[in-house]
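Let me begin by presenting the structure, written as structure tokens, before commenting on it.
Residue numbering begins at 1 within each chain, and the chains themselves are lettered A, B, C and D in the order written.
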Amino acid sequence: MGERVSSAPVRIGVIGAGAMGGSHARMLTRWVPAAGVALVHDFDAASAARVAAEVGAESVGSAKELIDAVDAVVITSPDPTHEELALACVAAGRPVLCEKPLAVDVDGAARVVAAEEATGRALVQVGFMRRYDPAYVAMRAAVLAGRVGRPLVVHCVHRNAVAHPSVTSDGIVSNSMIHELDCVPWLLDDPITAITVASPRAEGLRDPQVALLETAGGTLVTVEVFVNAGYGYDVRCEVVGAAGTVRLTPPYGLAARTEGGDGLLVSADFVARFADAYRTELAGWVEGLQRGVVDGPTARDGYRAAVVAACGVESLHTGARVEVPQT
Amino acid sequence: MGERVSSAPVRIGVIGAGAMGGSHARMLTRWVPAAGVALVHDFDAASAARVAAEVGAESVGSAKELIDAVDAVVITSPDPTHEELALACVAAGRPVLCEKPLAVDVDGAARVVAAEEATGRALVQVGFMRRYDPAYVAMRAAVLAGRVGRPLVVHCVHRNAVAHPSVTSDGIVSNSMIHELDCVPWLLDDPITAITVASPRAEGLRDPQVALLETAGGTLVTVEVFVNAGYGYDVRCEVVGAAGTVRLTPPYGLAARTEGGDGLLVSADFVARFADAYRTELAGWVEGLQRGVVDGPTARDGYRAAVVAACGVESLHTGARVEVPQT
Amino acid sequence: MGERVSSAPVRIGVIGAGAMGGSHARMLTRWVPAAGVALVHDFDAASAARVAAEVGAESVGSAKELIDAVDAVVITSPDPTHEELALACVAAGRPVLCEKPLAVDVDGAARVVAAEEATGRALVQVGFMRRYDPAYVAMRAAVLAGRVGRPLVVHCVHRNAVAHPSVTSDGIVSNSMIHELDCVPWLLDDPITAITVASPRAEGLRDPQVALLETAGGTLVTVEVFVNAGYGYDVRCEVVGAAGTVRLTPPYGLAARTEGGDGLLVSADFVARFADAYRTELAGWVEGLQRGVVDGPTARDGYRAAVVAACGVESLHTGARVEVPQT
Amino acid sequence: MGERVSSAPVRIGVIGAGAMGGSHARMLTRWVPAAGVALVHDFDAASAARVAAEVGAESVGSAKELIDAVDAVVITSPDPTHEELALACVAAGRPVLCEKPLAVDVDGAARVVAAEEATGRALVQVGFMRRYDPAYVAMRAAVLAGRVGRPLVVHCVHRNAVAHPSVTSDGIVSNSMIHELDCVPWLLDDPITAITVASPRAEGLRDPQVALLETAGGTLVTVEVFVNAGYGYDVRCEVVGAAGTVRLTPPYGLAARTEGGDGLLVSADFVARFADAYRTELAGWVEGLQRGVVDGPTARDGYRAAVVAACGVESLHTGARVEVPQT
């Protein structure tokens, strides 16, 4: 398990040199011996050059050039480019870790799945990093081992301090809630069969949103997503079973007693909160590459989450419960 | 505020000498100087005699006799008797604190409201004791003072260790969830306008249940009620607003570190959990009596909660969202 | 247990109409049916009149007059008057609940004990209200039942937001830490045999102070008292035994998530924190009176705590460990 | 910061192939790109071969051979061998990360310091991994930035589930409490000047132990070390300052509600609890090597902790406060 493969490190190319791309490049460089970042591309050449310099890589002027020259690709570019880049990786036979979402709509995600399946190889992993968070992993193990008995209800809360001004009501489902839409079925080993999404009455952005999910096994799931919660980043989950409940505890860190209060200092964003998960995700992906497998969330997982998200957006617009086609 | 009224204590009669009746009788006797339990009635004369002896009261053979002989009445008898007894108190002009539910159905509750209104006097208080819990009171004050900004979402959890074998799926709405159906509108000062109730797929009793409430002001409320949660009694509430959230903390008591765990010792039932609320409720009711007012939840509050509960039962049966008539 | 004694309520006189005297008078009036506040005295006649009016009592011009006219006395006057007033109550054969400290020094406390013992009656109770706090009571029951095995170490923290300007370094031991000096032996059923007190190096007031107590049974106890902790009132206690630990949980109330934090709202002072304990203390004392016993902390308990406090003050001055004479 | 040095990875030799040696070898291999484990030695050749095979290294028959053949050495062999091995590394000019303690006594630690200083180079780092724990690092930053005002009191708790049968009363100071003896001065940037150690009266092993530390700056520190606490591994720390307090929160993970309780699942040992700290420690050490510096705890830090521990052992035997010579 701890064995360093004697062969040369996997040469990785990173497409998209923004905050997430830079973070992934640094994580790979500092913490993943089996990988080396060789090339970086961004439509903004200066960003690519800066990140490349940070990690001892080179920058290249086109995604195609990068894909052809490396062993595997990390896609951290803007969402609308994901599908095209993933398809290009698949066409070139390059393993790819694509940040979520896999595509901006269900059809796009389906095209990536179809293209990958046509190759007969497992090439695509989607960046649902919660599956690598140690506490989520422990929670899943506890649930699947029957520690809480049959899962009956799950409660999820997912809050950001402040959303990017470009956020849309639909995007809250397809870009934020999509984490829960992927990780709840994984947690329970049970697919989502229906979704209802509502939001408090408001002008403008429909935020927060409250979803009720139903699974094939009959479990009910509440999800609150609130992208402008103000006070900080906060992700919670409790699984309520016939024999007890299990839940994530607050992140490890500091608590302070000052001025009439006694409490935790909440992390500001998901990068700090899920740093361990991102590191383990990247290492797990690279280790999978070396064994020729995709261990993490697959393109089909990304497609399934997109299908549920599309149903969620429909529900948000109509107010009605939407049954989710099983794929 | 602390003034002891010089006049003789209010002479109280308790109808129903079971666990709740005994507890109320002892609370009044030990903690409420302004009141004295004079008479106790129960269809089981031995129970009535036992509770009467405990508190220095006398037992009587009929509810009517009791109602005629006292200044005010506490109804803690079985639910199907509430309406008739409340009507008898109203007819006799006796102030009455009636344990919830006010009646077993909406029409019954409406009859009590109508009878009371016909007298032109405020006579009926319903035993929604959460309105007296110090933390709920503080939470309401914080919310109404704008401490969390506009309330957007509320999350409620309400769990019992083990339900009485006689519990029914409808009864979980009308007897357990009814606490939330009363206290959420009170907490937000905002009535419920729609309710959707679902439960995990199961044979037999539909437990737990998950409800989604909508208020006139546009707030969304999730409620989980689980009457066979197994591990203990547990009531939680968080109000999520535009400017932060506020929530009840766990009850004060002991925590232990033993055998791989570190945690709270959960109270077994609502009597222990809400002892302070019951005491304050009884004292507040008696003080209201002395001033000739009903300070606490009124018959109309009991009626409104019954209306929402009836809609909830309908939703539980049909799976559909039910709009709540405003009354 | 809940029985209301049929005889007339105990007529109580309150000496000292400051914050604590007013609070006790209101508590007795609102919550203790078996008692009635009949008379109030204060060297400031206006204060006495104000409190008396609040509770429907009368004010009197001298303590002696009050003591002669009532069934039992509550002493809440300034500390230097406690001994003389307690002795006057004993001389008059009046049961008395004396706020801590029983006297300003050990000799004074000894004189009260001697005077009481000379009467052959149990007359004096000292206001160590923590013994009535529900969580302390539950902790003691757990410890004495062997739930954590043999108690090995106890950790106590006792913090005030801001001390009165008149506080002295010695007074921190004899007026604040005295709560722990009384309640630890009660908690463990094991007397204190040695004390060492130290404080961080500072100009002026020696605050906070850290004490190490040793008990006859060989348990070690750390105590931090910090009377200017700034952020609020905070009392904590953990008993560490051979088979696990048990500790007080934070007081029940509200928690808020706002501006980067997630935590409890800390109570500002001991009146709010120990309101239940004060109420139960007063009721327990009155019920004891009616049975002719002193159920709570006795004059000898007050004397023992004073002895330990005197040793603590000596240790604070010398820096050395001081053995506590067993009395 | 994230830059991968282009030169070949540092070739590391691990001496001592027990649990800690195996863990360090695997950590280096899996998570530290800049390092490679080249050789492993253990007096038990089979253990060395097993760990070597796990990480793609070779095993060698003598420590001397290993030291001569690698770029840098990790010492995880039994405590009595640390001094001799560290001296051998220093003599060979090899950077070395030596697990605590640096030597079994003060004189041994002094010899290592002297030998290193004679070379004029920084070669020795001691394995006080808490300095790398993210929450300890954040706590130190908060304290040194003045967030709690002047530090007045620190409370430390350090508990193991079950100690190795070979543990001794002195060893609890010199092997367990030594973590606090190193990390408190680091946390406060303030050396320890006196120590008093006591333990509950008991036959046999003196466990738990309670220490009172004093710093040059006048801060008081309580430390409880309990190596047979039974329920799990538990490390806590609170710094109490003039303007508030800051404390470590419980490790991130799962909490469960089952059978009357609601709480955290406590980690069983320090390997799980401090996994992140060990990883960061090893990476930080290797990065220091590449820059030719010792960034972490030095031999002198190890020596200072040994001096305080020796004073602590003396205090444990005599019961008296022992002043710590400043070195």
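Here is the rule we use: a contact is a pair of C-beta atoms (placed from the backbone, for glycine too) under 8 Å apart; a residue touches a chain by one contact, two chains touch by 3 or more.
This is a predicted model, so every value here is computed, not measured.
Each chain gets a centre from the mean of its Cα atoms; the one farthest from the centre of subunit D is B. Here subunit A and subunit D face each other with the same set of residues for the most part; over half of the interface numbers are shared between them.
If you average the CA atoms of subunit C and of subunit D, the two centres end up 44 Å from each other.
Centroids of subunit B and subunit C (each the mean of its C-alpha atoms) stand 36 Å apart.
For subunit A, the set of residues that touch two or more other chains comprises 229-231, 243-245, 250, 255-259, 264.
Contacts from subunit C toward subunit B in the complex involve residues 1-6, 9, 25-27, 29-33, 36-37, 54-56, 134-135, 138-139, 142, 147-148, 243-259, 264, 276, 283.
Those residues of subunit D lying in contact with subunit B across their complex are 229-232, 234, 250, 255-266, 268.
Contacts from subunit B toward subunit A in the complex involve residues 152-153, 155, 157, 196, 198-202, 208, 210, 212, 214, 217-220, 222, 224, 226, 228-231, 240, 242-245.
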